[in-house]
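Heads up, the thing below is written out as structure tokens.
Per-chain numbering from 1; labels A, B, C, D and E assigned in written order.
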Amino acid sequence: DGHTELTIAIVNNGHMINMQTVAEAYTEETGVALNWVALEEGVLREQVTSDTATGGGQYDIINIGMQEAPIWGQAGWIEALEFGADYDVDDMLPAIRNGLSADGTLYAAPFYGESSMVMYRKDLTDAAGVTIADNDSWDNIRAAAEAIHDPDNGVYGVCLRGKPGWGDNMAFITTVVNSFGGAWFDADLKPTLDSDEWNAAINFYVDLLGTYGPPGSEGNSFNEILALYNEGKCGMWIDATIAASFLEVDGVAYAQSPNAGNPVGANWLWAWAMAIPAGSPNAEAAADFIEWATSKEYIQAVGNHPEFGWGSVPTGTRTSTYAIPEFQEAAAFADAELAAIESAAPEATDLKPYVGVQFAAIPEFPEVGSAVAQEMAAALSGAKSVEDALADAQAAAEAIMTEAGY
Amino acid sequence: MGSIVLEQVTKSFGETQVIPPLDLTIEDGEFAVFVGPSGCGKSTLLRLIAGLEDTTSGRVLIDGADMTEVSPSKRGLSMVFQTYALYPHMTVRKNIAFPMRMAGMSEAEQEKRIMAAAESLNLTDYLDRKPGQLSGGQRQRVAIGRAIVRDPSAFLFDEPLSNLDAALRVGMRIEITEMHARMKTTMIYVTHDQVEAMTMADKIVVLQAGVIEQVGSPLDLYHTPRNLFVAGFIGSPKMNFIEGPEADQRGATTVGIRPEHIDVVEGPGEGIWSGTVGVAEHLGSDTFFHIHETGLAETMTVRAVGNVALRHGDAIHLRPREAEMHRFDAEGLRMS
Amino acid sequence: MSNRRLPRLLQTPAVILLLIWMLVPLSMTLYFSFIRYVLNSLSRPEWTSPSLSNWRGFGNYNFVLNNKDFLLAIQNSLVIVCSILFLTVIFGILIAVLINKAFPGRGIVRVLLISPFFVMPAVNAVLWINMILDPVLGLQGIAVESINDVIDGLRTAPVVGGFFNLWPQIEPISFRATQTSAIAVIIMVTWQWTPFAVLIFMTSLQSEDQQQKEAAILDGASTWSMFRFLTLPHLGRPIAIVVMIQAIFHLSLYAEIEIVSRGNGNKNLPYLIGEFANNNIGAASATGIFAVILANIVAIFLLRMVGKTLME
Amino acid sequence: MAIVAQSTRRGRISRATFAWIVGLLFFFPIFWMVLTSFKTDADAVKPEHLFFFTPTLENYLNMTENYDYWRFAQNSIITAVFATIFALAVGIPCAYAMAFNPARGTKDILMWMLSTKMLPAAAVLYPMTFLTKSLGLFDTKFLIIVVLMLINLPIVIWMLFTYFKEIPKEIIEAGQMDGVNTWGEVREILIPLAWGGIVSTALLCFIFCWNEAYWTVRLTTTDAATLSKLIEGNRAPEGLFFGRLSAVSTAAVGPIVVLGWFCQKQLVQGLTFGAVK
Amino acid sequence: MGSIVLEQVTKSFGETQVIPPLDLTIEDGEFAVFVGPSGCGKSTLLRLIAGLEDTTSGRVLIDGADMTEVSPSKRGLSMVFQTYALYPHMTVRKNIAFPMRMAGMSEAEQEKRIMAAAESLNLTDYLDRKPGQLSGGQRQRVAIGRAIVRDPSAFLFDEPLSNLDAALRVGMRIEITEMHARMKTTMIYVTHDQVEAMTMADKIVVLQAGVIEQVGSPLDLYHTPRNLFVAGFIGSPKMNFIEGPEADQRGATTVGIRPEHIDVVEGPGEGIWSGTVGVAEHLGSDTFFHIHETGLAETMTVRAVGNVALRHGDAIHLRPREAEMHRFDAEGLRMS
């Protein structure tokens, strides 16, 4: 009825904020009032967890990521989602859809998705006479970084995430480790941070970023690097594909993530999705809204909205988006992004016996991830040797996993 | 109206017992003066009566009722603090009005009393000042004003005139005496001023180290001090004490004679003491001679009426008035 | 004062309210600290609801004690609190004395000085770490860069060029590194809380007895002696309160730690609790109990130091 | 009153200069934040636009458009004001009793009160969420007011206690002799004499309430969300954000800073009476 | 050593001028006593000399040097405050030691002086107490102790003995006099006590409303007061003033005679005044009669030496000593 009110917890980023404006039309049409609660990622996760864990009721719709969706679905914290035929579930990018499902049931609808890729300054590589290819070798990347590194003129060879956090530095580092053939856990879910692969990967990462990165890298994550990049301080950046839509520097070129040989997991996969906490009194209205907000129409609505346009549509969710000519024209990175997402491989394999590229879809992962993340930051800033850091990380991870009953 | 009775009252601050068990009765309407050396416990006693200090043991009865556990504000007493304790944020007028306001007196009555008090205290010009802008004596007068505008069951005055000039002091002394005569309210008055003690008291309580040495009318104390302490304490300058042969001769361990009871005579003779003038203090009305080398005591003090022309180093001859001689035994107690 | 009943009565509302406020959560925390309780577990679903059947004894405590960050967190808690206390008290006293006497524009200076205290902790941290301390984009980075540019320019200058050639390039400091992140927290919190100290000391200085000071002047005391022997003792109680209140606040710093480096190098007990609380409520509760114990030890220690001044 | 220690003219000038420098230094970060809030996000990180830039209101407009700033502000004001009033109402009698009728246990009670502030909030988040939800108080202003009052009560009592302790005991005694009852004592003597202290305590309490960012974020959704929740949502948005962030921050701290400016006279006038012999 | 000269000094608090232009010279080594009614500006004058209060205009010279703009700490003076101004957080010992510590005196010397001062002030038992634990008089003595342990160029005492008992007061009076005799340091001493003023001063300065009424030696003031004010102010009880026929007869507008210069005689007669006894104040050493219905002045006060047995309502007959009569003109000035 006209008096329904939905409270929606969103992570505070551009696409979500835009949704508030676009959704005014939805309210007008359906009479459903929308209360937006925008929060920082960490706080959002904490709030949503505490709400759901204490029986819900605070939110009707929550923003969650790919790490939580399958676990929470299994735990019964969020409702399974089923949409009408109009919705065209099959249009959804398969990797994304799989990542948000558990046992074949979709628990969260993707609002936008992303993978990672290389974004570099073609003008600089050209000037230095180096090239960067798709799925280039890490050695080549290092050589390119060396060639364009010019700190006296304020340009650093490469900018990478260093800020501790399982979704920050570990997201990137895990892709490096994956490409070196390492993984978080073995088949028994025992941590394997003491493996040679980890050692090689982290040594490489610390050397690369420590030598050719900007000062203070251990504090940089997406936002910080974006600012640096737009200030022209970075020659090369490997990060979320979404970054491409924010870049304001000329001459940016894209390449698929580098790889050290391992076939899977050199580029990550992530999506912010919308889910309905179990026991929400407005579950029906919530499902309707989610259906609208993650539909093809929504993408059209943003693209045609006078305030936004095709450069601002949420990407990485639907195949059909990439077929829209207006979008293709507005987004130079579209092809690279699609390729990256499609090549991402979250499924469990022999090499990586758990779901998730840059994370493991188990409830304990955030805890393990943050503990390791801090060790990596310490290694990066030179407070610890890589070996010590990895040994400490392994010990911490083992303790957490043992505690959790594995 | 209030009689005040202290029964076996003691007071200790931590380890130090300031008041050993003490009994004292002050009759309804009486004017009692507490005197004693500085630090002997006068203020403490007053504060015990007021209830500002808890008794360590013993009872305080006001008008027959046990008030030991009653809060100060309910005892209906009025007090002038030795340290004034004015309300710094209120004007003189408000300071004086405060107790009346608390008692719910009418504005008109308040104003009338404030004006009367200010008049008699010479404070009329200062009513709108704050205490910080007053001289020491003016503050003290405000403190008096605040105490006297009420109708308490008893007044407690802690050295209320110590910072006033002689004229004002005499004036205030008479004022308070008259107030007492008029209102017949019990008053307890602490003072260091001999004149005040002697002239105002119905009863003087002499304290030493928390112990009552003697209680009596002013002239009683002057004429028949119970012991050496009281004899020395009452009267200014202080009584001369003589030991040795002169005392033995009179069958006592110590004999005492007040400076005003020794006459300066022309020459030596039988029963005449001789010595040398030390310091001579000329007050105009009197002269105090401090006399050395009498062979009786280290110094003797003698009062000569008017301005007597003897100087430092002159020989002097003295005749004690036998009848005014006080005799004390080995314990220092008076021998009748 | 003979009538003691009323004073007791006046205290009761506050006491009862705080008693409830303390007992209810504390007892729940205590309870959780002795059981297995996690928010989400795929392997052991029975642990996800608090129940006595998950009794674990001191297991949570044991786990916390063996956590690699536990001792570090205690150490950080203490180092951060002590440094901030030390700095704020010193700065607070100096500034309060400095502005205690009238000078042109004192009102404005006072306003400028106490303003940082009104800033929210999160804003404070974001402001400092991003806009001021950032080694590239922050004022620090910009300042270092311009100094380097100036020196570079001078190297080619005649005469003095040789001298400047000896100068190395200045490296900006990263305040988010393991080695420095605690310093960043100390800087920003000191900036924010020095005004609190100034405020309290300033109010207290106003009540200093002028006559005592006059007496001291006549006693031949220099400005320093007056400060040392009169002002400082007079500030005893305010210092006590500044120290106590700040100690309590800073023992539970959270936003600053989070924003500066996510606990890398500056993790304190509350932050450790926060990390556990992501999933392992039992461990978080046990850490909470440790934090309460630590805070009480600190408080008792402080009270030893300042308690006398307080009650006198 | 008197001039204690006349200082030389030069001494006075250097003291004033120094004080101004310190004041400006302390204020600089805030000035910087306000300045940045008028820059575009891009300008905010450009060294060449440190001081010279084209001011824009864009950030503020964005904020009011995308977030319901006024609702947050209104909630902040309501909760902080009421929490402060209640804290004082409960705290003044308590501090009065402890300052002027200290019993043997007073010091311990004071200590214990402060210790209630020591329980780390994170440790009791789940109990609190659970409790308040089951009581139906979650996300209500009433809850926030109560919580803010309770967490600040120990501080309020401590501060008042120290201020009250500075009042000469004899003045209170004089009041008792003048026959005031307890209420009169508080109203006529205590409050006027400790007015500066009470005002600074109130202001501090208000600031603490305003800036509280754990419970106000976690025990609210929308109805009772305060400005700290607005900040929580904006402290690390995606992209270049210095300008936006500065605007939100300025808007969040602005009211309290201005309030502080207005009250600062009151704050320091405080206990300006000297003990009168 | 220090002579102190005030040249055309004035002082106003806001609008109120407390001290109109005033000139005063105190010689090096002199003992000057300021007396005057409460609120007349004695403390203010002391504070001006100490430099604690800025002069509104005029100059203060110490030892010939202009000190008007010099800070108090550089003037080298020592002061006892009317309000004591003890350091509440320091023990008695520390309070007394403070000025010596500031002067960098050796520990041993400090200790020696503290012990000496404590001895003469009866404070030996209280050295480790804080001021809050002392009685009023004890506090005052600490304030004195703090002032006398130094070697200042001049001492300023503001009613230093007002809270002490008579015995102690006499002792302290003599102590201070001896100290002055020994050290020959300039002293300025404010007091309300006639005896102190008369016995200690080399020179008394009588103030009224900030104006110097007379400067002179004690006996000068007693015997030849320059005007009615001084005549009335010096001497206690106060001089009796008579106007009308008795005054005319002696060629004056007013004649004055001190209570001690009137003798009580047996019966009426030529030149004998008669009246009725009002209040009789018995001090023991003397009796003060307040006499009404003399037809000369409203009340007359008469001092009789010893305890004279006349009571309220009795008729009394008085013979003034003609030689001691003071004559004043219409302006109130003394006629030689």
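Assorted remarks:
To be clear about the criterion, contacts are C-beta pairs under 8 Å (C-beta built on N, C-alpha and C of every residue); 3 or more make two chains touch, one makes a residue touch a chain.
Note that the structure is predicted; figures quoted are calculated from it, not measured.
Where touching is counted per the definition, the chains common to chain B and chain C are D, E. Ranked by number of C-beta pairs in contact, the top chain pair is C-D. A straight line joining the Cα centres of chain B and chain D is 54 Å long.
Centre-to-centre, using mean CA coordinates, chain C is 59 Å away from chain E.
With centres defined as mean CA coordinates, chain E is found 92 Å away from chain A. With centres defined as mean CA coordinates, chain C is found 34 Å away from chain A. Residue positions 1-2, 4-5, 45, 125-126, 176, 232, 235-236, 242, 273-275, 277 of chain D are each in touch with at least two other chains. Across the assembly, chain B contributes 51-52, 71-72, 83, 136 as residues in contact with two or more other chains. Shared interface positions of chain A, defined as residues touching 2 or more other chains, are 46, 53, 227, 231. Chain A contributes residues 42, 45-46, 49, 53, 71-72, 74-75, 77, 154, 163-165, 168, 214-219, 224, 227-228, 231, 233, 362-364, 366-367, 370-371, 373-374, 377-378, 381-384, 392, 395-396, 399, 403-406 to its touches with chain C in the complex. Considering their complex, residues 209, 211-212, 214-222, 225, 229-230, 233-234, 236 of chain C touch chain E. Those residues of chain B whose C-beta lies close enough to touch chain D in the complex are 50-52, 71-73, 76-79, 81, 83-90, 98-99, 102-103, 131-132, 136, 139, 146-147, 150.
Residues 13, 35-39, 41-44, 82-83, 122, 126, 133-138, 140-141, 158-159, 162-170, 174, 177, 192-195, 198-199, 218-219, 222-223, 232-238, 258-260, 279, 281-286, 288, 303, 305-307 of chain E are the ones touching chain B in the complex. Against chain D, in their complex, chain A makes its touches with residues 7, 12-14, 17, 20-21, 35, 37-41, 43, 46-47, 50-51, 53-55, 57-59, 222-223, 226-227, 230-231, 246, 248.
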